[in-house]
Amino acid sequence: MVWELELALYGLLVLTSVIALWVRDLLAAVASLTVYSFIAGTLMALMGAVDVALTEIALGAGVTGVMLIGGISLMRRRSSD
Amino acid sequence: MADQLPALIPVPLLVLSILAPMVGLWRQKLAFWLAIATIAFSTAMSGWALAHVIAHGPMTYKFGGWEPPIGIEYVVDHVAAFVSLIVMAVALAVVVATRRMAEQEMQGRQGLYYSLVLLLLGGLTGMVVTADLFNLFVFLEISSLAGYALVFLGGRKGMLAAYRYLILGTLGGAFYLLGVAFLYFGTGTLNMADTLAILSASEATTAISAGAVFIFIGLGLKMALVPLHLWLPDAYTFSPSSVNTLIAPIMTKVGAYAMLRMFLSVFPDGYLVDEVPIGQALVVLGAIGVVFGAAAAFRQQDIRRLLAYSSVSQLAFIAIGIGLATPAGFVAALLHIMNHALMKGTLFLAVMAVRMQTGATEVPALTGLGRRLPITTAAFTVGAIAMVGIPPTAGFFSKWYLSIAALEQDLWVILAVVLISSLLSAAYLFRVLERAYLVHSPADMDGTNDELEGEARRSRIPLLSTTWEPKIDVLLPLVLLAASTILLGVFNVAVVRHVLEPGT
Amino acid sequence: MTDRHDSVLLHFVVRAVMVPAILLFGLYVLVHGDASPGGGFQAGAILAGGLILSRLSLSGDEGRRLFSRPRLVMIAVLGMFLYAGTGVAAMLAGGDYLDYGVIAFESIDRILPIGLGRREIGIFIIEVGVTLAVFGTLALVVDYLTEPHDPEETEG
Amino acid sequence: MIESSPLPALAVAVPLIGAALVAALGSMPNVRECVSIALALATLGLVVSMLPGTTDGRVAEATLLELSPGINLALRADAAGMLFATLASFLWVLTTVYSIGYMRGLEEQKQSRFYAAFALSVGAALGVALAANLLTFVLFYELLTLFTYPLVIHRESDEAIRAGRKYLLYTLSGGLALLGGTVWLAQMGIDTTFSEGGVLGSLTGRDGTVWALFVLLAGGVIVKAAVMPLHSWLPAAMVAPTPVSALLHAVAVVKAGVFGVVRVLIFVFGVDLLRDTGAWQVLAIGAAATVVLASLLALRHDNLKRRLAYSTVSHLSYIVLGVALLGPLALTGALLHLVGHGVTKITLFFCAGAIHVRTHRENVSELDGIGKQMPVTMGAFALASLSMAGIPPFVLFASKWYLGAGAVDASAIAFLFVYIAGGVLSAGYLFPIVARAFWRSSPSFTWSGWHGEASLKMVAPLLVTGLLALVWGIAPNLPFSFFSLATQVANGTGGGA
Amino acid sequence: MEEVAARFPYFMIAILLGVGVWGMVGKRSLVKKLIGLNVLQSAIILFFINGSIREGGTVPILFHGEHGNAEDFVNPLPHVLMLTAIVVAVAVTAVALAFLTRIYREFGTVDEAEILSEMERQT
Amino acid sequence: MRALGIMLAVATTALFVAASWDLPDRGDPHAPANVGVGPEYIERTEEDIGIENVVSAVLADYRSYDTLGETFVIFTAGVAVLFVLIRRGRDDRQA
């Protein structure tokens, strides 16, 4: 495993997580969280945990994303902080 | 069947929780009977397990037939059987007593309600009997999720309280999981006995100590240890009456029990005191919590909130007992787990009965209660006296054992804290009792109590002139719980000698 | 969602290609869980995802009729019972809870001779149970979460 | 010689269990009061039946169950305990009769609660008297606090509630201090079964520990004994109905405190240990100061019950001082004073109550000429006043004689003067009342109509106790052998003097 | 460099944990709290998976009939645990969202401070 | 709240960094986790169970009780969501 690639992915993780918490647009935040989960899943696959990666992408990114979007679609899109 | 006992405590609760929504779909009222039958069965199994353990020593159970540490193991020892019996017995009494309140509060969702109750209890008993660190986490989450949802339905304020409870509870669960990660990476096993053996044989490392700290924070959140108690007062105050009556006596106790498990069967003797100062932290935070909780309780107007802060204070007692990390301390902590479950069960049940009959929850509105609901108020009084710790009620003996355990280590401060907290408890509970017994309802006030009368009027709850005791299904569990606080106080030596001392 | 105009292309792509593909993939993940990555949870999540996708993108979907809320509850409960019941069956057969080794699964193998061991059959049964439970629960949850709120209805 | 017997347990259990019966009979006042009297008589019978054994040195003991590993709930009828138990159960009979008259006379509210709490309080007081070890003592001591609380707040007025809070604050704090000391002893593994030479012999030489224990244990009991500055709950508690004051001040609570001082000082610490450490001096000086100060305060109060309350504070410290002197003579005097003060002070309170019922007057200045209206009552009052002042041959003369002799014996002459001053002051605050009652008639105020004596139910008990103050002065062994018991205790424990 | 290569994931995970806790405690929006919770859970999962690595190990799937040789595969146990943890995270998220939906219907906002002031106003 | 959040975040990060300093190197074959029960599953799966995916074997058999618990977590979530979101009257039949 190339550690530079890993480092880059971790960097992206931090970036997306901060974005998810920073942006005021909730939809963007959720999208960012989905990307975060997806990258986390990729990292897991790189580390040999393919089962976990599949689950993280199906459940963590997929289902969570759908649920969050479903939930916030009923709300005001802008968040106060 | 005796060899299947360990699994028979939590598994029926879980399995039949699946059935409850379906039964509720068919006939709402049947869900209650399903739940009560299941809880009664598990209670009986817990009792049998306790008898079996006393007679034949601890039992182990291998799920899937796999030897630990390959598979998941359950261990029912004295302590586990004892705590699970307490949890189930109190839950049985409370669920019986809250039937009509739940019918009122859970209109149209009784099937789901009883399903969640069974899941909650299944999760809690699973936490009690498990001997696997990760399995503990799974059951912790089952019980927590059920708990969050149950708290939610208490009206507008309950919603935010439940959400905060969810966030902080999950934070606690996450920290516990993080701690388990460090333990696993340090030992390579998840089985408690195995962990204990490996840790005893090896040197302490920073990673394992840090794992212990994470576990401490996580379980501290679950057991509402000051300053991690923030979720508790709102969750207890704003949840439905049928729910807070159920969760207040048992839920935090199981968190405390899990903390105790770490001391007893995960970390080697003295590890959590010598290598990483968790025992000390528990003692210090406990001492602060005892005084803080009691002082905060004194200022509350809502009786449920008052009792919630009193829970913070009483749990801090348990924390001190655990933190002393001596057999005497553990005995005191376990005894108080039992006593507090019984006392809080009595008190919250009495408060629920009062709310059911009169709608009152604020202290000023309790005026003249002693005349209108004499038996309920008497039960409340017994609970309150036990809370203050007047002999021969159960509460006195927890204080007794805790003081002895503290003095063994020359912790004079703890003795002082125990004594002062008794006085503070007396202050906030007699405030309620005074109101309940002494001041007549405004109808027959002769004007000598202008100040008090005005206060009673200001609390907007109507003071009914004619109210009567709740029906027998509420009264009987209430009286039984109240009587048990006295009986188990008088016969505490039997509990200590046959159950607690062999277990610690 | 009722007043949305479905484009023909979207209709075709989703209904004829994506949903079947997703459902097929879900089943594949379930059946091959013993040899390749995946298992009950993933399969259940993927199946639920397919259902949700069809619901979100299409109106008047027959998926709504086929998987009505009561049916989803039934599916979830059935899945849970399949799992928990297997454990109880092991208990009744004299073993510990969830010890598939003691259940006489041979009769199943005789009917459907695929040459699996007792434990493999046990694993397969509980994986199916997990799939059903996860599918039913998640679909139900998302269904409730995305339900639009009528302002007239007041909640008690 | 100790022999196992159920009698001590029965003596405590009868009033405690009977209280439930009394409470249950609330709808039938006559039956309820008959039951109350029957309970009191039964209890007295049980206690007295143990007397011969105790005076012969055959001590009855009942061990009930384990309270904590190694510590039993045990009751034992030893000489000191029997002294207090007999006094309490005997006066309970009289107080019950008196209460019926009083409560009916005033048509007080919640009489069932009153009688039930009364029975519970006496039961707890008997438990305090007969407790065989410190933990059992603490248990009943706390229960006594709890059971007397409803009596203190009986009137349910704001003032009563405030008094109740104060009462709880003081007595619970005292109980907790006592508990602290008890826990400590239990933790050190010391068996605290009361024994005549004390049980802390193993602590000889560890002065710091002994002092700390002394502060906790003695501090705990002197709250109920109302030694200054821990006395202020007692005058406040005077809002209670008069029979309660009579019980609180003559029988149950304060005597339990004083009796606790005997138990703690003599039977736990032991004479020798206290003498070595010198801890007794602190207590003796505090008690001596209380004797004088409380008497001076009593002079200033016009309210009759308050005056009596301060008088009680003063006289309790006589006893505490007597115990603290640690000699056999002083101890005999203290125990006699415990009995004598009980019977004397209860007479005074009975009289105050009778006056209140008939005239609704509570202040000394309003009592001019009342002796002509209520000659029997005021006669008994006069007898009791003479006794309080320590005039021979009244009972409190005998006790003061021994107390004074004890002070001389302990080469602490200063305390002898304290006793004398206390007697003079007692005369100073009580004799004027008698004088007013008999020899003065108010010019500005005439008695409207003939009041006359209170009902027989009230007059008979106060006459009995008033006469007993005289009888026991002459023959203190009649009929309960108080003197023998007192000397038995003193000889057993203070022998080293 | 070697040291960093071996250690940096832990530091990154530490940062992610911090971000998650910050989101859960420091954010006023209830949705952001939930997002923080998900970040925290994922970080813990990554930590577990990091601990499952074995030098030279590969995906823990055997060939049919092969006897597994421990040196050739990464540790499967953390994977199993993390499957559970992911499911728990999803379950918590579902419940939290159900709460949020009701809260939004009730208060018209998901901002903690606004909800509190709304509650003040009502009582 | 905001300051508290940042403080707690920093504290968590610091605690974790301090704790992970002592962990075995990533991928170290001699780390406790790599000599404990983990590898045993790989060694035993073929003989005990006979399926290829070790993770599935552990998930569904060796630690199937955990998986049962996990399914119950999902189930609890489902019941909880219904409990919270069900409407009185309209959905009465569903509970």
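First chain written, first letter: the chains are A, B, C, D, E and F, and each begins at residue 1.
Here is the rule we use: a residue touches a chain if its C-beta (ideal position, glycine included) is under 8 Å from a C-beta of that chain, and two chains touch if they have at least 3 such contacts.
Given the structure is predicted, the values throughout are model-derived calculations rather than measurements.
J.: Going only through chains that touch each other, what is the minimum step count from chain B to chain D?
T.: Steps on the shortest route: 1.
J.: Quickly list, by label, the chains bordering both chain C and chain E.
T.: Both chain C and chain E are touched by A, B, F, going by the contact rule given at the top.
J.: A-C versus C-F: which interface comes out with more C-beta contact pairs?
T.: C-F
J.: Can you identify the chain nearest the overall CA centroid, using each chain's own CA centroid?
T.: The most central chain, going by mean C-alpha position, is B.
J.: Give, as an integer number of Å, the spacing between the C-alpha centres of chain D and chain A.
T.: 78
J.: What whole-Å value do you get for the distance between chain E and chain F if each is reduced to the mean of its CA atoms?
T.: Between these chains, centre-to-centre, one finds 10 Å.
J.: Rounded to a whole Å, what is the gap between the Cα centroids of chain B and chain C?
T.: So the centroids are 37 Å from each other.
J.: If a residue has to touch 2 or more other chains to count, which residues of chain B qualify?
T.: Expected reply: 14, 18, 21, 25, 63-64, 107, 134, 138, 141, 145, 148-149, 152, 178, 184-185, 190.
J.: Residues of chain C touching 2+ other chains?
T.: 35-37, 39, 41, 70, 73, 80, 84, 87, 97-98, 100, 134, 138, 141, 144-145, 149, 155-156
J.: Okay, in this complex, where on chain E does chain C touch?
T.: The touching residues are 59, 61, 64, 83, 86-87, 90, 94, 97-98, 101-102, 105-106.
J.: Taking the touch rule as given, give the residues of chain F at its contact with chain C in the complex, in rising order.
T.: Within the complex, chain F contacts chain C at residues 48-53, 55-57, 59-61, 64-65, 67-68, 70-72, 74-75, 77-78, 81-82, 85-88, 90-91, 93-94.
J.: So in the complex, the part of chain C that touches chain F is made up of which residues?
T.: 33-37, 39-41, 69-70, 73, 76, 79-80, 83-84, 87, 97-98, 100, 117, 119-120, 122-123, 126-127, 129-130, 133-134, 136-138, 140-141, 144-145, 147, 153, 155-156
J.: State the interface residues of chain F toward chain B in the complex, per the touch definition above.
T.: Within the complex, chain F touches chain B at residues 15-16, 18-24, 31-38, 40-41, 44, 61-66, 68-70, 72-73, 75-77, 79-80, 82-84, 86, 88-89, 91-95.
J.: Where on chain D does chain B make contact in their complex?
T.: On the chain D side, the touching residues are 65-69, 73, 138-139, 142-143, 145-146, 150, 153, 156-158, 161, 164-165, 168-169, 172-173, 176-177, 179-180, 183-184, 186-187.
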